[in-house]
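What follows is chain A paired twice: with chain B in the first complex and chain C in the second.
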Partner chain A sequence: MKLSTQTASTRGGRETISRPPTGATLSGRRRQDLIAGYGLSLPAVLILFVFSLGPALAAFYLSLFSWTLLNHMHYVGLSNFAGLLHYSVFWIAVRNSTVFALVVVPIQTAVALALAVLLNQNLPARGFFRLAFYFPSISSSAVITLIFMWMFNQLGLFNSFLNWLGLPGPDWLGSPHFALPTIMIMNIWTTAGSLMIIFLAGLQGIPVSMMEAAACDGATGWKTFRHVTLPLLRTTTFFIVVMGIIGTLQMFDQSFIISGGSGGPLHSTTTVVLLIYNFIFAYGNVGYGAAATVLWFLFILGATLAANKWLGQPVEY
Partner chain B sequence: MAKRFYHMVLASMTLLVGGVAGLAAGKASVIRHRPVTITLGGWASYPSNNVQKTYAFLKPFERQYPWIHVKYQPVAGNYETVLKTEYVAGDAADVVALNNGGQASPFIDAGDVLPLNRFLKASHQSSRQFFPGTTSLFTYRGKLYAIPRDQDVLGLFYNKTLFAKAGIKSPPKNWAQLASDAKILTNPKAHIYGIGIDPAEAYWGEFVLQAGGHIFNAGKRRMELNTKAALRGFSYYVNLYRKGWAAVPSQVGASWSGQSFGIGRAAMTIEGGWLIGSLAQDWPKIKYGIAPLPKGPVNRDTFSYPVGWAISKTCKNPQAAWDLINYMTGRGQPAWVAGTDALPTRPSVTHIPYFKDHAVWTPLVGSLPVAKAWTFPNGFDQFANTTLNNQTLLAVQGQESPAQALRNLERAGQQAFRSQTGR
Partner chain C sequence: MVGSRRGWSYRLSRGIFLLILSLGAVVMLIPFAWTLSTALKPLSLSLVFPPVWWPHPFVWKNFVAVFRRVPLAHWFINSAIVAGAVTLGNLVLDALAGYALARIDFKGRTWLYVGTLAMMMVPFQSVMLPVYLLLRQLGLLNTYWGMILPTLVSSMGIFLMRQAFLNLPQELDDAAIIDGCGRLRMFFQISLPQVTPTLLTLALLTFVGAWNNFLLPLLVANQPHLWTLQLGIVEFQSQYATDWPLLMAASFLITLPVAVLFLVFQRWFVRGIVMTGIK
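After this line comes the complex of A and B, so read on.
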């Protein structure tokens, strides 16, 4: 690492000496830089357009058509949107996704922050705990879901623990009241670790002088955290909350696996994205799926802008 | 080159010995044909996740038709979903599998697969050589779009250990015995229930049939759940749960009723022949027997789940694809059902030695003549996936009466029919 930075700087130094900075050569170099820059980013931009922005724009287009995937599509105007807004399960899905985000985002952010602050102290075996808390984030969510289904089944590990405490264990996955909360618990447990890493980076970016200044002014633990650490972490918190909102509103895989794709029991795990998937690939109703995609895009955009208004201002020292 | 010639000679000899065609005709066709490749679809987990096995099964075919090279192109994952995208992209296999449960009709309706009557006739065969329950599934406006390759059928699986412990000597033979045995076998404290069944129409529809009712009318143009017979069958099923003798899988920590039975939490279950393989693989210690479904008040009908082979309209060599299908569902069927743990679609194949050596299948083979295919009309995926599941669960949990649930299903189903015609 050290060696390569040295070489780079020497090479740069030699160039400035050998080429006098005249206007012509500078603009030539600038053009070369431009070509290199655009050339190097071209593959990524192409991939973005073909696999990300293209399909996103296609969703807008498809939302105006009736299509089963197998027949010829025909234009229907905005009637997919009208039909969707009158479909009760769509509103159930909107409610499920929103409740999921409202519960999961604050809790996972708080848990991640608490873990980060804890592991930023000089604790014994700090490395081990950092690893342990981060571990769920690098495992496949499908595998974690399967393990949770095993732990949370009616006669499973978690209920055995509750029974040992003398509490009756519910049918976590089979009951419409508990299926979504089970996914919430699982999601918080999985993502808190990766958010913790981001908070840790944020914490370590806070200048030590600030803390020392606060200590000189007589601030103690909680006060320092509340009035120094937390405000200085705002950009990090903003990032985590926005990513959390987007991620939770797009939750799909855990619901899909737990309900076997149906969003059951009784629609309790039907999220908007699961419904979109089912509309398009299972029910042969591409127009409705695309219309839901467009509406949900607008909803997520609105939620992100709201978060930006609340947390997005620059940090004032 | 010499090897190729040898193959040709061998092939024509096979044709002669097989008695499929005369020597002269066989030779002529061998010489005339250009080599073609036929891609063979179907889902990857079947037969038994084993590509090698499929190739072995196809070897006699490739010897008989040396100019046809079969390339296995299975679909991994959600089969119909992937198949739909393959048809959109135009790269579906030449020969594809069509499934029961309403999964065949979208492809037939969209014209993605060819009608096969012409081929069937040209090879001097008739759809009457198959169980009527299997061909009806793939018949649309009088034409047959897939040849049934195999099927599965519901039977009553019972745990011999739990039966012996409860002092029950033989499996129940009718509805009354099923209920009384389920009651005796239930032990809620030990989390053991008389019968474990999924809360799904694929598992209660046969009770409606046995009470003399139907889910749809004969032409599948109308719901028929608002009848006394349907209510009788559905109420019987719901009451097994309401009395506490039946358990849904999640109640005993299982994800399907086969698992409830496998882990010993359900003394009986109603499942298809696929459970035989699962039990052998996942719960080999369980001692079980299979009986035909207990007889209902009107008949002893059961559900069957046939699968068929169809030819994609994009196939460039439909004749070669037909030769492959004709082999797999004809001369090759005994080897296919023996190798894949499935039941035959031709009554003539039920007498093969395999089923004599594997007596566990006997009750299921015996149920084939009374089996009705489990299916839905086109455009019913959403209804089957949402309303049907929900109303079943609400009735099973006692939040709705069986009559109320059937009324709701009748209404939602009629709605689905209306939007189907409006499409």
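After this line comes the complex of A and C, so read on.
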């Protein structure tokens, strides 16, 4: 490279240094930037597209075919979708996943917010509390599920606690009424801490002057929270709710491990993603699995857009 | 702020807050304490009801016995290979792409960036079926590469690195260009050293994510010699469902590397969570 190649320097998204372009050298720099730009970014972008965009598009294509993985694919139009919509287990799975999200997302968001507000007071041992609440988030879904299977055993730690309180302990994992709630409890327990940390960052981003103004106007405790803190946290809340929706509607590991892959007892832990897994590995029905993938993808997109409409407007300070 | 707030009601509310937080912390830590307690018990004691907390006697050799019962050491190696490769790949590829998208002005950059961001809307679970078929087509089932390639790049990682590179001052780049420095050298010698905190955050989040990944190994590794820790322990549970002390000992050992990383690098983890929302 020569000295004259300085002309069209990069613009790091900020200011551009404008020097008069000098014909050939400018285009030389441009070409070098073009090569460097694609050379550095394409390896990553290509791998990303091959394993995200490609499969997403392939799902649409595969949903139009009947295929058992062993025979030849043949085109069946939209009949996979029609078949899926008449398949009762699919609706059970949709209901389980939706109920799971509807219960877990509000509770985990509220618990995380409450913990963050408490932790944001000037209390002792904040470091310890942050550590304790966050710790479940770094453990794997497999380990946490095994620990909960052990604790929620019929003769386990949790039931002995319930007995101590004078309550009868159900067979959490063996009963179709309690298996999914066990996963809900587990999920809230796992994610509340990491969501709390995001809320905490949001709280610390609120200008102190706002709080002081509220205090001057005579607002205290709950009123400040309701009318000052909560509206200002809307961006953070939106982020957490969207992440929560996407995460809970994708739940797979916990159901798979607790039910040994079957989604039992009586399909009570069958989520849509677990059903998709079983379409490939248990039923050998790729077309239905692809159709479910497409429908679920669109459903999650719709849920995200709905959350966006409801919570997504920017906050004005 | 205001003098009257230091009164008894202020102290009472602080006391209540502390009490609630302490109860919460106990709820968060009990499962881990129970894991350790079970891991140190003889099998017979682990099954008594109501359960006892204090192991008697302390069976430290559970932590050794589990290595003989299942090939835990082998699973450790598999997990280390996969998580190590995934971390390395993300550091190099995400950083290069983030750099190009932030600091090189080239035609089509915006499209590439928007496309990358859009991939955040495609979580792995949702495309598990086509990804599995793709890996099958490529002959990557039952290989280490099959467990590495699909997570070798992450859109969140590219996004994170791009943000870090955007914040660097332009002057150094200009000086380097005047000195006739090539792009790769600029990247390695000037820009990269300035974003090491973000690199560390990305490395930690990626490593923990890969170490804890269950679904991808489940799809790819049918043969036991390729099982990672997460897959292995679940298979262990389905085979020896009653030997909870050994299972809990294995759970403890599996979580230990990540827990140590977390305790040492807590600040960077927290930074990563705040920036990305990744658990």
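The rule is short, and it goes like this: the second predicted complex is superposed on the first by the 275 of 317 C-alpha atoms of A that agree within 3 Å, B and C clash if a C-alpha of one lies under 4 Å from a C-alpha of the other, contacts with A are read in each partner's own complex, and residues count from 1 in each chain.
The rule is short, and it goes like this: contacts are C-beta pairs under 8 Å (C-beta built on N, C-alpha and C of every residue); 3 or more make two chains touch, one makes a residue touch a chain.
Computed from a predicted structure; not experimentally measured.
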Which superposed partner A:L48 touches (first chain B, second chain C, both, neither): second
Partner chain in contact with A:H267 - chain B first, chain C second, else both or neither: first
Contacts of A:N308 with chain B and chain C, given as first, second, both or neither: neither
Residue contacts with chain A in the superposition, chain B compared against chain C: C
Touching partner for A:S27 - first (chain B), second (chain C), both, neither: neither
Which of chain B and chain C A:S79 touches, first, second, both or neither: neither
First, second, both or neither for A:G156, with chain B first and chain C second: both
Touching partner for A:N71 - first (chain B), second (chain C), both, neither: first
Chain B/chain C common contact set on chain A: 149, 155-156, 260
Contacting residues of chain B [partner chain A, same complex]: 78, 80-81, 84-85, 87-88, 106-107, 109-110, 112, 191, 248-255, 265, 379, 381-382, 385-386, 389-390, 393-394, 423
Touch list for chain A against partner chain C, complex: 1-3, 5-6, 8-15, 17, 30, 32-34, 36-41, 43-45, 47-56, 58-59, 62, 115, 118-119, 121, 123-124, 128-144, 146-151, 155-157, 160, 163-164, 189-191, 193-194, 197-198, 201, 212, 215, 221, 239-240, 243, 246, 250, 252-253, 256-257, 260, 273, 276-277, 279-280, 286, 289-290, 293, 296-297, 300-301, 304
Chain A to chain B touching residues, read off their complex: 66, 68-71, 89, 149, 153-156, 171, 173-174, 260-267, 278, 281-285
Chain A-touching residues of chain C, taken from the complex the two chains share: 1-2, 13-14, 17-18, 20-21, 24-25, 27-32, 34-35, 38, 47, 49-51, 93-94, 96-97, 99-109, 112, 115-116, 118-119, 121-123, 125-134, 149-150, 152-155, 158, 165-166, 168, 170, 173-174, 177-178, 180-184, 187, 208, 211-212, 214-215, 218, 230-231, 233-234, 237-238, 244, 247-248, 251, 254-255, 258-259, 262-263, 266, 269-270, 273-274, 277, 279
